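In order of appearance the chains are A, B and C, and numbering begins at 1 in each one.
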Amino acid sequence: MKRIFASRELLLLVAIALVLGIISSRFPAFITLSNLAAVFNDTSPLILLAIGQMIVILTKCIDLSVAANLALTGMVVSLINISAPGLPIIVTLAVATGFGACLGMFNGILVWKLDIPPIVVTLGTMTIFRGTIFLLTEGKWVNSHEMSDTFKAFPRTELLGLPVLSWFAIAAVILFTIVMTRTTLGRAFYAAGGNPHAATYAGINVGRTQFWAFTISGALAGLTGYLWVSRFAVAYVDVAGGFELTVVAACVIGGVSIMGGIGSVPGALLGALFLGIIANALPVVNISPFWQMAISGGAIIIAVVLNAQANRTKGRVILKRAEHAT
Amino acid sequence: MQLELRPDVSNAAAPTPLLSLSGVTKTFPGVRALSDVSLNLYPGKVTALVGENGAGKSTVVKVLTGIYQPDEGDIRIDGEALSFPTPQSAETAGVTAIHQETVLFDELTVAENIFLGHAPKGRFGLIDKTAMATRAREILDGIGAKIDPGATLKDLGTANKHLVAISRALSIDARVVIMDEPTAALSQKEIEELYELVESLKAQGKAILFISHKFDEIFRIADFYTVYRDGQMVGEGAIIDVSEPELVKLMVGRDVSQIFPERDHNVGHDILEVAGYDHPTEFADIGFTLRRGEILGFYGLVGAGRSEFMQALFGITRLSGGTVRIDGAPVSIASPADAVASGIVYVPEDRGKQGTISALPIFQNVTLPSLARTSRKGFIRLAEEFKLAREYTERLDLRAASLDTDVGNLSGGNQQKVVIAKWLATQPKVIILDEPTKGIDIGSKAAVHEFMAELAAQGLAVIMVSSEIPEIVGMSDRVIVMREGRIVAELARDQITPETLVSHAAGIREAAQ
Amino acid sequence: MTTTTRSIPDRLRSPLERNLKSWESLLMLVAIGIFIANSFASPYFLNAWNLSDATFNFTEKAMIAFAMALLIISGEIDLSVAAIIALASTAMGAAVQAGVGTEGLVLIGLAVGLACGAVNGFLVTGLGLPSIVVTIGTMSLFRGISFIVLGDQVYKGYPADFAFFGQGYVWWVISFEFVLFAIIAVIYAVILHMTNFGRAVYAIGNNATGALFSGIRMGRVKFTLFLLTGLMSGVAAVCLTSRLGSTRPSIAFGWELEIVTMVVLGGVNILGGSGSIPGVVIAAFVMGLVTFGLGLLNVPGIVMSIVIGALLITVIALPRLWSMWRG
């Protein structure tokens, strides 16, 4: 009996270790603890978004509006910060998460109740969200000096040697690992995407499950929106432009199947880390950072080919000898 | 052959039923799946539900498990009328089922599959994985399955998946257990273990509905039987009061010679020769010849590998070996387009998915494989298309408002006519019909049968895959019976009887002599 | 049911009647509405040269949108089109540095487009991978190669006569690009609506299994569609590079989603199976007119994206809401 510890994730872990090994053989400074922590911190927004996207893709949907949601929520909390600089951080966090969740719910309602294909819905809301930022600001930037110090300092605040931003990513990984493996809703995401017909037999409402996936994705995007604008101390229309496809890429590299039903939080985490390590390692090993895009493109294609190989469907297996052979 | 057995149930000293279904009717667009049927299940007893494919057995299972809502009729448990608007409500009422189609999830673990929707909860409302694994272990041990509850389902073989499905049904504290062909995917040893499980469920006082095509097992474990035919209940009683031939006759029922067209059974020279067709997992060593003007029946139980073989012959499935000759010349078939070019066409069982393109109009469906003939230099000529479509749909007596009606708006029988018209327009040599009258009304059935006879009379070679015994008996010149992916018998015209077909297909030894 | 006469009529409704109730007519009304609104809103709108300038907003995108429409109708998608423009443009830029003339540049642009289409086509039809993920991957790969070659550099120095493709006028205010757009529209309308190939595209998109079971050579058709989409991206690359007169790796960034929006707005079902070229043509005009009209009113482009996004969702949601309303 083969006890496979999530082989896709294991394969990716080996690939990441290999990349780190090669880099460290020439540039040992890269794998010092402090540098790896910096890489992790840098990748944290991608990890947060990839977890949300992974859940959406699990249910056979896709969310192209995450980066626009991030930018809009980031702008909204920045504007709130300008008019009410004394607002406690916890309120800002709640507003960011809640506002992002509402945007996600809007996507979810359109998919669930009106049955509009998710790619159309989120393509539309993507442009609407970004356009709304412009309407709010008339294209003006919110710059560092307009933001309050507590607002800016929060994601950089160190806790046990790691910035708060990193802790949010770690917390999300732990929380959603529990949600996905230990709650009824988490298992419903897998069931609804893996076999919608059977899920209905088991009493799962597929549309409602998709709605919750979009809500979670939106909430995470909103939270990341605040963390992003405060970390970079600037908010404008094009924040994280095009980042939605990087997020999808992280999921695909992390073994999430675009056909739904296959994927895991560790997978999304590793997919994001893979992209993050490549992005951070290139300048160190003296390869032009312009290689980054092509490398992640190649990685996506290799990942899709490998995933497809692993998921070939078997037939009915009628012959007795064939059954014993498997 | 008219036979209406209605053994007196009182002879068997039947107790009061635990679950009883009465006057249940369920219709779908174009089909009356259940018509005023009843069913009684008794505590501590096994009732076998017997009938041909399409008799309404699976529909009744879905009614009992809250997947379908009946149009009329009621379900009573302990005399109390209940309704099952959702699958959960059926489970709450204590009805659980092992479905024929797998309703499992490849990416979840065995334990999660067993408890999806009713997992044990621990602190903070989280799923208690330890308790879930322990209980899964108990249930799996209880049925003698050596499966790790933590294994991912997709890593299991077919038989083990089935044991998981059984475990899922048992994880609900049920009073009524429905088993829809539970032994179809199991080996002999596993079947023995299943019988032991059934015995222990009986001892616990549960009422069991057992659906099976295998007569040996019906006679071994069932206490009562109920027979459905064409969506109606045609007989019920105690197993000890009935013999195997009587049950077969009840199941097949009607006088088969009446409704089928007269045929002269003259056949011409060999046209198709198939030899050594092998597939790694689905079928092995299939070989036969087919003659002009012949109707060759392929009979077998569901899952005997007939459709899988036909789809390989049509170029859908990849093979590990085998040759095809048409008119003596070897042909290579790597795709359906190759098959059509060689003169082999296939009318699939799954009309909605494989046969028609339902959102396209009738004429476009008919001309799709013949566009090369109706077009000029790749450009469509609508007038030619309408002409061709009209010619063949009229030959088949298609009923439709117009030729640009979408096929999806037609009845099942008329959709089937569109599929056949599509293929006849390509002027084929061999036509394969896979369950040609499944799910279509009686009138259209007769029309399809007549047309099949006419095609054969015109010299076309016809292969008819069918699980309906009257159809096989009434139409075939010769029958090949398949079981477990292999040919087990070839029957000449005078050997084709319902009894021989059933015994070869089910592997009943004494009758197979 | 009329069963007295055995003969089934070819059609019940005339083609004209069918067309009048179609998505295309609805979209046409929207386009006319926007046109009228624009001409009232700005005195500069009804000016031949201004209108001519406005066509550059959509001609290059629309060329790709036609091929993309066929691809989406067949049930696939290509998100790498803008990246193909970048790669083709970069290849042309590099060729300029090597002293290649105008004819050579055009050939190189088209060849790179075809080659990229072939890569996508092989990955999707040869290896059986989902096109949405494959083309997200090749999108990064193709544009990534541009970045590797160019970095933050710019290719300039295109030959003077190369400028004709993006800046030339055929007659009065009629630009070369607009003529090319019109010719390509007609070619794709013919391919989709009047050939066996087009019929196969619809059949595959409606029911891929059914089409395969009807003897359609599905792999071949889909591969051809990816080739065509790559080729059109190459054509657009020639026009855009010529119009800008320079190549940066960020050229045509984000166009893929605008092109998909144009196709879906044009009435093509994102799930495959239905859609028409006239619809995409009208959608191209709608998007161009909205951009141009709002531009004249000094409304920035980003706001027009809200309008386009809202239009996209509303036009798809409205019929569904309507049918829900009626039960």
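The rule is simple: contacts are C-beta pairs under 8 Å (C-beta built on N, C-alpha and C of every residue); 3 or more make two chains touch, one makes a residue touch a chain.
Keep in mind the model is a prediction, meaning the values are calculated, not measured.
Enquirer: Going by average Cα coordinates, which chain is farthest removed from chain A?
Expert: With centres defined by C-alpha atoms, farthest from chain A sits B.
Enquirer: If you tally the C-beta contacts for A-B and for A-C, which one comes out higher?
Expert: A-C
Enquirer: Where the centres are mean C-alpha positions, what is the separation of chain A from chain B, in Å?
Expert: 44
Enquirer: Distance from the CA centroid of chain A to that of chain C, rounded to the nearest Å?
Expert: 30
Enquirer: Which positions in chain C touch two or more other chains at once?
Expert: none
Enquirer: Could you tell me which residues belong to chain A and also touch two or more other chains?
Expert: Correct list: empty.
Enquirer: What are the residue numbers in chain B that touch two or more other chains?
Expert: none
Enquirer: With touch defined as at the start, can you tell me which chain A residues reach chain C in the complex?
Expert: Against chain C, the touching part of chain A is residues 62, 64, 110, 114-117, 119-121, 123-128, 130-132, 134-135, 139, 237, 241-242, 245, 248-249, 252, 258-259, 288, 290-301, 304-305, 308.
Enquirer: Applying the document's contact rule, which stretches of chain B touch chain A when the two form their complex?
Expert: 67, 86-88, 99, 102-108, 112, 116-117, 119, 125-127, 129, 148, 150-152, 155, 157-159, 187, 279-284, 303-305, 308, 317, 484-486
Enquirer: Provide the residue numbers of chain B that touch chain C in the complex, in ascending order.
Expert: Touch residues, chain B against chain C: 314, 316, 335-337, 339-341, 346, 348, 353-360, 363-365, 368-369, 371-372, 375, 378-380, 386, 390, 393-394, 397-405, 422, 426.
Enquirer: For chain C, which residues count as touching chain A in their complex?
Expert: Interface residues on chain C, with respect to chain A: 79, 123, 127-130, 132-134, 136-145, 147-148, 150-152, 249, 253-254, 257, 260-261, 264, 270-271, 300, 302-310, 312-313, 316-317, 320-321, 324.
Enquirer: In their complex, what parts of chain A are in touch with chain B?
Expert: 1-4, 178, 181-184, 187, 190-191, 194-195, 197-204, 261-262, 314-320, 322-323, 326
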